[in-house]
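Going in written order, the chains are labelled A, B, C, D, E and F, and every chain counts its residues from 1.
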């Protein structure tokens, strides 16, 4: 019976720890040097290290645009530190579709290649630029932005810094056309007909 | 000559004041009771009053969805107070297209009618609800959301509260399809062809 | 015995969860799309909906001033979203007594009727205004303010927006005269005699 | 004429600087080491020093309760540093009347004597304590609180720390009864008659 | 066996509470009047009182510089209130070595004696001042600063206020020379030889 | 004379603009999409682009450790966006000496080579790690940290992200030993003799 009780205890503790995770508040300054998740029992240099990006340039280049994140979910030591990173890989002809980060601006640094970038402010002004290797571009917080490889022959790579441990990503195409928002609402919103909406939606359907 | 110099002085002061406005920082707590713009010389109860919404329900109902804001731009006394409002009017069949507010959550209260509402989180989950008169719905900060009048016979009205004096609005359809982002980038982003992108864009073109 | 222990476990978990609730930190930006309380096991559109105000205008009008809140306590989805609302009802001759909201400014919109409003800043200046239906007034954060129905014949209704999920209310009359602060301290503070203090206190005593 | 113009220039610069002061935003973290007001042209150790409290204990003790502040207004180097202090002096029998600080909690340290202290939370609970020399008490942010010398024979002194450069003070008696809020509103708010309100108000009138 | 299980329960609850403590977020505004730790079951005036400094001036003066804190760790009611205090005692000839507070500026008030103080900004400017009894000095947030008793005959005492419940202290000498950072790294950093580094380190070694 | 006055005007405007810059508040959320400095008259994509790092890897490698920043000072579009970057170059045998960033954590990504890294928390615990190419390490906000190239044959390069537009750097060796803090204060602080302090200081003296 002790075994059963101790099991119950363990499960209830684990369940509770996951609940705890959900109520934990945000990116504001913390009142300790760093935050440690409940399931981490010993803290040393390894806790502050993330090796998940180590092999990113050793593997074969991705066939399509790919963003690899080092944010709160992948690297818990970022909790409360208000910073995260992502590596962005753009094969020839690829696009990082229009999206927003609800919780941070993005500061992009072109490691390799040439990128076309743009964002739209809340007054509907489009700001664009062509970036060379070594250039930086800042996408202001919460605005729709995109990038694309504008060199017809070479892939491109960038690293982006965020001022939040969990900047979040709202990808516009998938958010709008791959979430069962009704065709009628979308047709009216995009000032078009239902057939056009359905045509776009079909592009996001699972391919046979 | 004195006149010319004093004019120059005046103009340079005014120009400078407007620049000052642009560098003013945000919605965080202020260290005074309230903030007064440089051009306001006397402060009394009227400064804290906004009458721009007074006639909204007396005028003829709008022919299409209409949002009337009382935010920092319309009501300067909101500066530093982290709150604003908007009145939303939905004629029969109308839609408030998918959009985000980069700087605030939205708390919508249905004053009249019936609304269908929805938002999509950063994991691409769609949350929807049908709201009756008197219901409240909260759209979390920075996420794409929309509303539509779902009563075939009656117009609807809502009032929305924001936790920022200038929540900002990024309207997805206009941001994406009415800002000269290249057809090619959009076609790739929305997994469709250029003809479809051009068809959608044409809906936003000025009508002859 | 197992039963007793499991009961103990359950109670201790529940007790702990409620304590947890008390240590949860504030209204600052969160690092997730939204926060879910530990006791909520499934999240859909209903979680983001509050129907507690639905019948407010269908019931008989209240006999005295009444504030009905939709804040963190009543509507848990507001947690971390920095916004809340209240409906304020003013029968003829009624007053919303001087009070402060420690955690937010208040943006009041007159839905119906005519209101006299006022607030006092930290330099002891009184700002007042008479508001018509459709007018807005902003009460800056943390300052003492009040409203009263100034139409001798018609009741009034307002809706107030707050830039915090839990703005809090410090009602001055009850805080000062209905909490057993000593008569002597109050007499000295209000520059009057103990008899006057006791007379005011008696107004708050339970009526026989 | 040059003199007149330069005078105009000087006056306009001073006027503008004071406007600047009014639009300056708050206590949040700054992005520089410290902030310097426009009128300060050279910064050395003296800028970070405040000598205005130097003689406070050398002068004759005040005849009534007295608070001497070192906050943003008196000590400009505090701008953006989120901290300030006040020295509080309580002659025998004196009271620091009920008040709130809209922008900070208060941490009071009794330097000399014995103080009775109390505060009321937003659920109308009164918390009181008798403090000895060397004791600390924290008054939570935005709540109504008071102190009084509870030793019949000895004066008391305290030092209070605030987590804002400009915590602000809303003194309840003066705010409510010394600002021309109408007798009718106050009588209804305090559940008493107009004669009682007028009696209290008369205590605040200028003495002949 | 029940005993063993209950003991396990108790220990696991305590362990969990300590974990909870580690994940608690910061000094930003809270959405309640105050925060109560999980282990506190009843809250009255005593919870908001700290008596740990009561006897500080009654005991024999310390033989070396001594800082006695009233911060989050010693006084849990400070949680979420963004303020704390410390009493600083400087015997003749003593120094408070160069240090930083990562989470707050420091506002120092000289209670007794004469202090030399200084800080260095991020452009490597040193700001110094000699403070008399009653003087205040503000050390900006996060910068290296120090104080020393500059009266050859009298001890000095100060009280420091912080705008965080847990300002934290990084003492430079101990951080750099008493933590096993390699001699080689330190020699290169301090532009000196390994022998000099080892000489300094030896001063921090436990004395036989 | 007009010339003289206009010159005076121009100079006073420029002086004032620089003062303005100094009073601009911080990294908190802004209430506009982005902030534009007073001297920028037209805003297009170039304003959001920084090309100052473009040639960093094309030039000859630096002879000593070198940090090249893209922060608020170099890239004004970062104002209010709470993010910045730096490129760090470590020749063989070089060290980035112990330092703190008062306004941000640092997230370091090793672009090339092998780095030894470490930081010390406020409880004087040293956390160290050896990082390979592609590894990330987070240095918590405000704590003393350092890096060194630990490969005897190859130079190393890293890119660091900060959650502030102006993280600031307090370099410990220069702050302590190259700013005229008195030898006596330093000798007492570092528990050593004045000769040793002078020896270290001499390493920072201008070389003949």
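In the analysis below, a contact is a pair of C-beta atoms (placed from the backbone, for glycine too) under 8 Å apart; a residue touches a chain by one contact, two chains touch by 3 or more.
Bear in mind the structure is a predicted one, so any value in this text is a computation, not a measurement.
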Contacts common to chain C and chain F (chain labels): A, B, D, E
Numbering shared by both copies at the chain E-chain A contact, with half separating same from different: different
Fitted rotation between chain D and its twin chain F in degrees, CA, nearest 5: 120
Identity of the chain that, by mean CA position, is farthest from chain F: C
Pair in B-F, E-F or D-F that repeats C-D, with over half of contact pairs matching by residue number: E-F
Where chain A and chain D are represented by their mean Cα positions, the distance between them in whole Å: 46
Separation of mean Cα positions, chain B and chain A [Å, integer]: 25
Chain centre separation (chain A, chain C; CA means) in Å: 38
Whole-Å separation of chain centres (CA-atom averages), chain D against chain E: 27
Sites on chain C at which at least two other chains make contact: 5, 9, 16, 20, 24-26, 28-29, 33, 79, 102-103, 118, 122, 141-143, 164, 168
Chain-to-chain touches, reported pairwise for every pair that qualifies: A-B, A-C, A-E, A-F, B-C, B-D, B-F, C-D, C-E, D-E, D-F, E-F
Chain B-facing residues of chain C, complex: 29, 33-34, 43-51, 53-57, 70, 75, 77-78, 81-85, 104-107, 109, 111, 117-119, 121-123, 127-129, 131-143, 159, 161-164
Residue ranges of chain D touching chain B (in the complex, touch as defined): 1, 4-5, 8-9, 12, 16, 19-20, 22-28, 72, 79, 102-103, 164-166, 168
Interface residues, chain F side, partner chain E - complex: 93-95, 97-98, 100, 102-103, 116, 118, 120, 122, 124-126, 141-144, 146, 148, 168-181, 185-186, 188-192, 196, 199-200, 203-204
Residue ranges of chain A in contact with chain E within the complex: 2, 5-6, 9, 13, 16, 20, 24-26, 28-33, 35-38, 79-80
